[in-house]
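Next come the structures, one after another.
What follows is a pair of complexes built around chain A, which joins chain B in one and chain C in the other.
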Partner chain A sequence: MSRSIHPALIAMTVLVYIFLIGPLVIIFGASVSDTTFLAFPPQGLTLHWFENIWEISAFRRTIVTSLQVALVGTFIALLIGIPAAYALNRHRIHLPGWLSTLFVLPILVPEIVIGFSLLRSVNVELGVPVFASLLIGHTLLVLPYVIRVISAALASFDFSIEEAAVSLGSHPVKTFFTIVLPNVRSGVIAAFILAFITSINDVSVSLFLTGPGISTLPIQILAHVEQFFDPTVASVSVLLMMLTIIVMIIVERTLGLTVVAK
Partner chain B sequence: MTLPLTIDQITAHYGATKVLEDLSLHVADGELVSLLGASGCGKTTTLRLVAGFMQPTKGTIRLGDKDLTRLPAHGRDIGLVFQSYALFPHLSVMNNVAFGLKQRKLPAAEQKARAMAMLERVGLSHLADRLPAELSGGQKQRVALARALVIEPPLLMFDEPLSNLDAKLRVDMRVEIRQLQRANGTTALYVTHDQEEAFSISDRVAIMDQGRIMQLDTPETLYQRPANSFVARFVGFENLIPLTVTGRDGPRVRAVTRDGAALSLSQDRLGPIPDAFILATRADGLRVSGDPAAEGLAATLGLRTYLGRAYQYRCEAAAEPLVANGSLATPFEPGTRATLIPDPDHCAILMPE
Partner chain C sequence: MKRLAGWMLSSPATLAVSLFLIIPVAATISVTFTAPGGLLAPYAEFFDSAFQRTVLWRTFEVAAITTVVSLVLGLMTAYVVSRCPPWMKSVLIILAVFPLLTGVVVRSFAWLIILGRNGVMNNTLEWLGLIERPIALLYTQTSVVIALIYIFIPLMILVLIGVLENIPDDLLQASASLGASPTRTFVQVVLPLATPGLIVGAVLVFTASFTSYATPHLLGGTRQMMMGTFLHQRAMVTFDWVSASTVAAIMVVVIMTTVLVMTRIAKRLNPMAA
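After this line comes the complex of A and B, so read on.
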């Protein structure tokens, strides 16, 4: 006997999908509309607004800045996060429980508070330049994700394997790179992607840390919307979405999305 | 080359908790010694100290003439076999076995030849290109064994190597381990909580409790002549009867239990008996006789269970709950007044605690 699905459940599912996907369809439609304002359904078809992104220098600059900050920030977060996650898992029984909680604290603190306090401390008090403060802010923002995801990968790693390698004459540092790291590779890749996407899409932290001449793409989108109402914003949004979707497809194809989900 | 292991008065702590106290142990060249005990007794800690994964708070560990105590783990040259097999998941069986040789910077061709020869010895050369995940539990443990043996270590250590295998395979594998260890003449330290496993393959067994060795002896001696109540209980002596000597007549000794029941024993087969002692027997060593006047302990029989080779009785004698076996020819009902006769060949005399 096949189980019948209640019509209300189908209706609910369809509604959820419309709610989730609807705005994306509208933005996509608006981005190709041949009008000087956001219009849906699109009137006429043009790729003019995508070209326009490259013509507005502020978009060009901020796309580069966003990519730089996301790549370097994520890289620094991995440099800090991998050893931290390793130490937290390797010596779990000897460490107090609150220590690992400490490392995920930035997730619990509202991002806007992190942004504000970083502005006060790093930028104003210490006088760190804008780009460097942005990097620090984004590193801090993505570090909890890096530690969480790599910890999850390490939690299922049997540290006897590491001890076996050491007992066979492999130096502990070398063992970390030849034995431990290859076995949590998928965790590292997942952490990288999650951190990268979080950084690229961040508004709250960047809002406080961007300064004269240096801004990130989402902040530039905000600034643009305040002055103009043309569909360029829609086409930038589509670009951001495409980037996220492409990254997700790569993850799905190579590792499976469950790596990010857990 | 294989070397003797000497552990000299080791004390170890986990944080503030003392887990080993003044432990000394000598494993002779080519000998297999097991550390046997319940979890938390310090057996695995001892192994980890020798492997170099933990540092003792005091004492020394030597392999032959070499002091290992301050040597880092990767410089100790000890072959280790783990309970979880601990194979490198991302390396082929061949590369797992060759790993130790690679660390020793042997030429690639020699690494391969020696790893292959070792795989042949454990009967797995046909699986050289597989990944560990594609092997069964028994095969994984064989690879782990080959990986530890191929570096020709002066000392082999096993940490509960068979606990993850099913019962039948466990028996086969322990025989295989013993054969390989014998054939190579490698000194070996074997940690297990399984008494049968320890007794069956060891030259000597150290029974441990609370960070100390309670007795270190051959399996035969441990089984027949435990040195103290802990070991006696551990190896299955169910009955521990405290007795006090009231009179001696040549080899015959008269003693009474705590509530005054009298018992006569001969030192001929039991060995010298001190004035206060504990008579330890298994159920097999305490025979039930239906004759209440026979020489032994008067008892009231309780629940009877059938063991196949004998009947076993829970009984109440001299204020002690005892377990005794009786012949299949004459089953007794609960409540029967009977006599329990100790069989001197299956008794041990222990000092009171």
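After this line comes the complex of A and C, so read on.
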């Protein structure tokens, strides 16, 4: 802090931040423009394009689908991810080393390859319905984040507390829910939020797992942009940014944002 | 008993990854080896086509440029941010987290507004008198690269802030007190210590841009096809699933090789471990 930084570096940083935030301001401006095309600076002010989102049934439908898939997918990922993270911490010596590598595969393998492979094997070959395939894809997609975040929380948990409870006669399952889980609560919240945001924003996995009447919001945005160049998508984008802001406020209130930045 | 408990607890997640990732992806890849026309025929076809070679080469080029520019800009920014007073650092970190949590589609879409025919960029250039009528900025390699840098720079900044904060301050003070200029300290102390982290950041950005779909789709269209958009076109437009599987297999090989080789190198280059 005391060391001086070269002014050129500071100027560069300012430019990088203008580059980071500027386009988001432009989306905001375009969303309230009273024109039938995307314009910035906005010409006139209107909230018509926000109303328009609800008038287009495809947007209404995909917003609901996206929320359903993100909530249920994240819930399933927590359901299978928490025990896995617990096992990786508590029973590491009894488990093979490749197991933790297995759980990062959904990040390592390109998402678009996972989406295409799920379409081929699960949707077409096994005949699993589109919505269920979409759920499977999103559960897989967020599972590594869930396991990683909860493992990190468990790594700083003192398991001797759990042992004390068990040796005093508490049932291991009851101990888990009354002792272990409450102690890693912030990890579970962080995992939930990270997974939810990842799922809501996903394109590459959902891309192949859409069918008649079933699609997610990001895929619908891509489809809409291809046909219309009106500000509706800008207003949808503003709604998504508001969702991000709400999430960041929740995180700040519960955990502090620096936790997530890591 | 304990061994069993570990397996039991991790089995649902293990089963999910095996059934829905390993088996389907293995099936996709195995299709390319059992296709009619003999072993490796789909690969021969891929590399025989000048168009498909161009797609692969363009993907490499776009991902490499994106990585290098994000690395340079990200390092400079992260360096300044990590030297800021705490309150300012928090604000700057939040400003980098926000775009990161905003979806790729939204952030790519912003560049449609900026680079479109009647977009912000064309209007500005016309207003400045630099051009007389709108020029085509969209659907060029440059538009894809700019948007990808925009998408991945927050990730790079956050990774590199973490890397720089891990460097003990004592080392920098020691270097300064021994008479090294800030530049020399940066080059001879900070940079070698940061190299493994820089490699991690570079691998993240390279693999993510190599496999990206939404950004090249919106800003490159069919004219600037990359591996991701090409895979989608083969699978969903021309319904040539063998060809799509071949593209998928090549992507998997490129990504796995990059990650394995680079993490090895990063481990080797870690001066703290030596």
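Basically, the second predicted complex is superposed on the first by the 254 of 262 C-alpha atoms of A that agree within 3 Å, B and C clash if a C-alpha of one lies under 4 Å from a C-alpha of the other, contacts with A are read in each partner's own complex, and residues count from 1 in each chain.
Definition applied: a contact is a pair of C-beta atoms (placed from the backbone, for glycine too) under 8 Å apart; a residue touches a chain by one contact, two chains touch by 3 or more.
All values derive from a computational prediction rather than experimental measurement.
Participant: Sticking to the clash and touch definitions up top, decide whether chain B and chain C on chain A clash or fit.
Facilitator: fit
Participant: Quick check for you: in the superposed arrangement, does A:163 touch first (chain B), second (chain C), both or neither?
Facilitator: The first partner, chain B, only.
Participant: Of the two partner chains, chain B (first) and chain C (second), which one does A:154 touch, if any: first, second, both, or neither?
Facilitator: Neither: A:154 stays clear of chain B and chain C.
Participant: Report for A:94: first if it touches chain B alone, second if chain C alone, otherwise both or neither.
Facilitator: Both partners, chain B and chain C.
Participant: Once both structures sit on chain A, report the angle chain B, chain A, chain C from C-alpha centres, rounded to the nearest 10 degrees.
Facilitator: An angle of 90 degrees, rounded.
Participant: Identify the partner contact of A:221: answer first if only chain B is touched, second if only chain C is, both if each is, neither if none is.
Facilitator: After superposition on chain A, A:221 lies in contact with chain C alone.
Participant: Quick one: classify A:209 as touching chain B (first), chain C (second), both or neither.
Facilitator: In the superposition, A:209 contacts neither chain B nor chain C.
Participant: Between chain B and chain C, whom does A:234 touch in the aligned arrangement: first, second, both, or neither?
Facilitator: So A:234 only meets chain C here.
Participant: Which touches a greater number of chain A residues, chain B or chain C?
Facilitator: Between chain B and chain C, the winner on chain A residue contacts is C.
Participant: Is A:189 contacted by the first partner chain B, the second partner chain C, both or neither?
Facilitator: neither
Participant: Please give the nearest C-alpha separation between chain B and chain C in the three-chain superposition, to the whole Å.
Facilitator: Nearest C-alpha atoms of the two chains are 8 Å apart.
Participant: Residues on chain A in contact with chain B in one complex and with chain C in the other?
Facilitator: 94
Participant: If you look only at chain A, which of its residues touch chain C in the complex?
Facilitator: 1, 3-6, 9-10, 12-13, 16-17, 19-21, 23-24, 26-27, 30, 37-40, 79-81, 83-84, 86-88, 90-92, 94-95, 99, 102-103, 105-106, 108-114, 116-122, 136-137, 139-140, 143, 147, 197, 200-201, 203-204, 207-208, 218, 221-222, 225, 229, 233-234, 237, 240-241, 244-245, 247-248, 257-258, 260-262
Participant: Please give the residue numbers of chain B that touch chain A in the complex, ascending.
Facilitator: Contact set of chain B toward chain A: 15, 51, 53, 72-80, 82-84, 86-90, 99-100, 103-104, 144, 147-148, 151.
Participant: Considering the complex alone, what residue numbers of chain A touch chain B?
Facilitator: 94, 158, 160-161, 163-172, 175, 179, 182-183
Participant: In the complex formed with chain A, which residues of chain C make contact?
Facilitator: Result: residues 2-3, 5-7, 9-10, 12-14, 16-18, 20-25, 27-28, 73, 76-77, 79-81, 83-85, 90, 92-99, 101-107, 109-114, 116, 118-120, 150, 153-154, 157-158, 161-162, 172, 176, 182, 207, 210-211, 213-214, 217-218, 228, 231-232, 235-236, 241, 244-245, 248, 251-252, 255-256, 259 of chain C touch chain A.
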